[in-house]
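In what comes next, chain A is part of two complexes: it sits with chain B in the first one and with chain C in the second one.
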Partner chain A sequence: MATVVLKDINKIYPNGFQAVYDTNIEIQDKEFVILVGPSGCGKSTTLRMLAGLEEITSGDLYIDDKRVNDIHPKDRDIAMVFQNYALYPHMTVHDNMAFGLKMRKTPKDIIEKQVKEAAQILHIESLLDRKPKQLSGGQRQRVALGRAIVRHPKVFLFDEPLSNLDAKLRVTMRAEISRLHTKLQSTMVYVTHDQTEAMTMGDRIVVMKDGFIQQIDTPMELYNKPNNMFVAGFIGTPPMNFHPVELSGDKLTGPGIDLAPTSEQLAKLKEYGSKNIVFGVRPEDVEFVENPKNWINAVIEVVEPLGSEIILHVRLDSDTNMVVKSDPMQQFTVNQKVKMGVKIEKCKFFDANDKVDATGKSENPCII
Partner chain B sequence: MKNKPTKTGYFSKGFFSKNSLTAFCFLIVPLAVYTIFVIYPILQAVWFSMFKWNGLGPMNNFIGVDNFFKIFSDPVFRIAIGNNFKIVFLSLFFQLPLALFIALIIARKFRGAVVYRAIFFLPYILSEVIAGVLWSFIYNPQYGIQNTALTDIIPFLADFPFLSSPSTVFYSIFFVMIWKYFGLHMVLYIAGLQNIPQEIEEAARLDGVNWWQMNRYIILPLLKPTIYLSVFFSIVGSFQTFDIVWAMGKGEPVHAAETMVTYMYKFGFQRFQLGYGSAVAIVIFIITLGVGMFYQKITASKDI
Partner chain C sequence: MKSKTNIFVLMLLAVITCIILFPVYTVLLNSFKTRSEMLVSFLAFPKEFTFDNYIITIQKLKYVSRFFNTLIVTVLSVTGIVFFSALAGYKIARTQSRLSKVLYLLFTLSMLIPFHSIMISLTQISKIVGVRNSLWGLSIINIGLGVNLAIFLFTGFSKSIPKELEEAAAIDGCNEFQVFRYIAMPLLKPIAATVAIIDVLWIWNDLLLPLLMLTSSKDFTLVLGINQFFGLYNSDWTLALAGLILTSIPAIMFYLVFQKYIIKGIASGAVKE
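Our next item is the complex of A and B:
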């Protein structure tokens, strides 16, 4: 098992496009770190640089304190699970799993033992003689996992491994990979664009956008204390609602919004000084109660009952929209006028203006 | 509940099914064209092959299968058929491996890869006759570039009559065939290589393969369908070799570079023994069809 350190890593392609900017990540031994972000944010490029499949333009990459920038992928002692499984179609499941060991000239009896062990862990013993085309998507992904674990590598890398599976199977495999991490106690780096995967699986999450790291934190810290508007909007389903407001006196006012922040919030907002503020409220921080202290008037446009909760798409007086969650026991109808209580102490406030730092990265920082 | 037989059930299978009839309707025109321009000439050639006929006048000298006996008792035809099989063998063991090797190198993305591909493919788009004439000049012992160049490199081969010596004419022409056709196979292989997902190669790199192992264990097995196709083209093409050989000396001297098609052409269109020429054409057709079908059978059974 191993630690992985990325120090000031940059990736610039020959055409001049910079995919990753000054990336610094320290991954502890046995840690499960998720790289998450929208398409083109540089997460896969970062993972591929870690694997050695992509050259590092500048910076240092260490695996177990050893600089590996110029070390061939096969000598980094890593294993990678690809989005499209990347199984060798002409080999059986057994041979797919044994191939890496065979190339490393592992004795035959040890290969057999390790393949058998890996197959048992992933419940694919009965599939060993089949070829990939005879397997379902889920089975193929298990084989891809098997091919990775059979070598007992120092670090596991996952490049969106569940993207090609259907929603139900994705949930099963998500748990399977988490169990695998607990069982193998190895360092894992996992790339996904799905924030649910990131939140449910990772010890720590690295949120990326446009090649920059936005925040590195535990799932709950990311949820509760986002660094900026992007992180706040990316983490959580449905995403946080944002509305521009202005601080006038002790009130936050905006189109259809008139809120009284807590004294602590007010102090911080005044201290920050900016009048143009974006107010962020998560769908779950809205409540439908009698006489709420802070409220927003809205009209329900869509009702989505999910059983455990109801998702409501509402329109505010200002003609802007919001998505909120409600208790499943409450009754709602389309076009119903509602008074939505806002749990103001849980709301976030962001600078409405982008702050551009020295590297050219812009963001709407979280004030409180 | 038992399924009741439907009224349409009887017609749902076999020739009278709706699908078959629809397909047949669409195929009437192509079938008619195919029959007129392919089946009919073949049958006509079979008919001609049973006559001693010069192509003019009435066909009244029916000789049955005598032409076929004559073909196989002619030592020149045996040289020709031997040369054809030699072309097949040499193509499979020299031309295709060379094409594959170059494809493996230039299929990768690097600066100038497209230029290299174009350069190697260029001879293929040249007409066979032009290529033959061009290389006849090159091989010319008096003023050919080949001999001029060899004067400095291998002096004892200078002024060597490559196309006039029975011992070298076949291999000299075969060299031109490699030059002419390897580009086609190279392009086929490049297309096949580009169909191999990049992730598979990356997975293999992480599994620890070197260049040789990558090709041996990953690339070549995945390239099998393309290799089978390329080999098939090569075999069929080899049996039909004509233009280059004709342009570079008509299979002479002393039939050293004779092929089955040059042999057929000589009898059919130079000596006007159309009956005999037709019999040779039938033999070429049967050999090509037989080898082709055998090849398809053995490759179709392979699990790719």
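Our next item is the complex of A and C:
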């Protein structure tokens, strides 16, 4: 139904603060795109520019190949779900959902039909006569979703819609929004700072930091091929472990670390030329096996059994720490000395030089 | 301990209520007495209740026509005050410019100017611009005098309306005026009711401004009519008191009906607490 294209978009607030830099995103029809990043990175600003609630300082925004920079929100045919729901407190649930249709002079019988349909999808038929303040947080969230879907807009925008819900409800609603996307088959842009939400819901994820896009990719690509250290550290829980190492001969050495990279990795590292390297290993890329090829010696400090897996906080020979995962069958005790096998082929290597170039993107780029 | 303070507070309130109600009580009491009886025993209960004062007052005061005069002035003025102040206050609250700050300051500062210091020039100017001697002219001046407090209240209250509501409305298809009409105004209702009550009581009972503005007896408001009972040589006290009671009844009724619209926190539930 709709494509959304952001071209070289910048946002400078009236106070002179630049919140978004040279943003280029091409969102396909029916795609579920997630904007993710730490607090203050410009996610909401970007979304609000899409909605028309915030002026675009420079660049072009196209919805369905039509430039919409100067088009009022009401004429963009979008719907937005706000973090704090923003339900009209003086209207019933029914009227909240019908309001957008009424404003568009939709005939009454069609309004009723569409409100009923949306209420059915979201299981809020029994709440239609209530006012927002008579609803629980989760119910309000559903109504806010209902208000959005009732109009069948071209594009849905979500700004952290689940962050006010408790953890359990968040998981339910997460699946519900995913189902909604499958059902409605419309373009959706979803803002969150929660990488789990991003990974589980998105077709593609836009990772942002300090107003710059770090990477746009599918969840698995982001996980397997991060552009830089920030993306590698942001995607995945617990986050990737980083350790400064040096390339000496065919070995990577650092405090408590002595590893032999694969020949492919070695070639890339040598080609790159930088001696100072950051070595990154995900908690799940460590294994406890007999006679590992590559290993790190460590002492266990904290054991967190989660049932399906065990999280271990370990100290390396020096005073560097790591967080690793193990399968739940193994036994661990605090202060136990372990030899952790490292799946070296899965590890990532980054340039330790964290200077930001003009594009703001090449901060600790991933070498391999 | 707690009940002791409660009793103390209750007694204090009772005393204050008595002090406040005492004049009202004497007005009510004496409005049922004959003139001579009132002069003899002001505080005593009437020997026999007489409704003569009321009957005579209704005729002499031209109660019906002056009731409608007062009603016209009050309705015009209060509608004007609420309408213009709501628009102005909302816009001031939503505009981040220097001009809006200056305007807000001017409106609020004007509350500090006592009416008596401007009443002579106001009378002169109203004569020049031709709004003296008419009910609508009086209403216009009432609006001018009333908007400052109302704008102050509307501005403050508008700021408490979550911005997201208006953004949601814009996305739902409202232009700026429709956002005001369908979202802001309904949420401003409690403050509109407050403003209306304050201003109805003020305008309904106002003496000084109508006295300055209305010279023809056919335009008189109720309070102005009662004022006529006090002549240079003799005063019809009992008639005046009955007139006062008759004048206050509509205002009190209005208050009783509308006070319930002053509800706090109606915006709760719109956004997360």
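Assorted remarks:
The working rule: the second predicted complex is superposed on the first by the 363 of 368 C-alpha atoms of A that agree within 3 Å, B and C clash if a C-alpha of one lies under 4 Å from a C-alpha of the other, contacts with A are read in each partner's own complex, and residues count from 1 in each chain.
Following the convention adopted for this analysis, a contact is a pair of C-beta atoms (placed from the backbone, for glycine too) under 8 Å apart; a residue touches a chain by one contact, two chains touch by 3 or more.
Keep in mind the model is a prediction, meaning the values are calculated, not measured.
On the superposed chain A, the two partners chain B and chain C do not both fit; they clash. Within the superposed three-chain model, A:N164 lies in touch with chain C and out of touch with chain B [touch as defined at top]. Of the two partner chains placed by the overlay, neither chain B nor chain C lies in contact with A:L47.
By the document's definition of touching, of the two partners only chain C reaches A:G137; chain B does not.
Once chain A of one complex is fitted onto chain A of the other, the partner contacts of A:M199 are absent, as it touches neither chain B nor chain C. By the touch criterion stated above, A:L316 is placed in contact with neither chain B nor chain C.
Comparing chain B with chain C, the partner in contact with more residues of chain A is C. Once the two complexes are laid over each other on the shared chain, residue contacts for A:A118 go to neither chain B nor chain C. Overlaid on A, the two complexes show chain B and chain C touching the same residues of chain A, namely 51-53, 72-74, 78-80, 82, 84, 86-90, 99-100, 103-104, 131, 147.
Against chain A, the residues of chain B that register as touching in their complex are 197, 199-200, 202-209, 213, 217-218, 221-222, 224, 303-304.
The touching residues of chain A, counted against chain C in their complex, run 14, 51-53, 72-74, 76, 78-80, 82, 84-90, 99-100, 103-104, 131-135, 137, 140, 147, 151, 164.
By the touch rule above, chain A contacts chain B in their complex via residues 51-53, 72-74, 78-80, 82-84, 86-90, 99-100, 103-104, 131, 147. By the touch rule above, chain C contacts chain A in their complex via residues 96, 162, 164-165, 167-175, 178, 182-183, 186-187, 189, 266-272.
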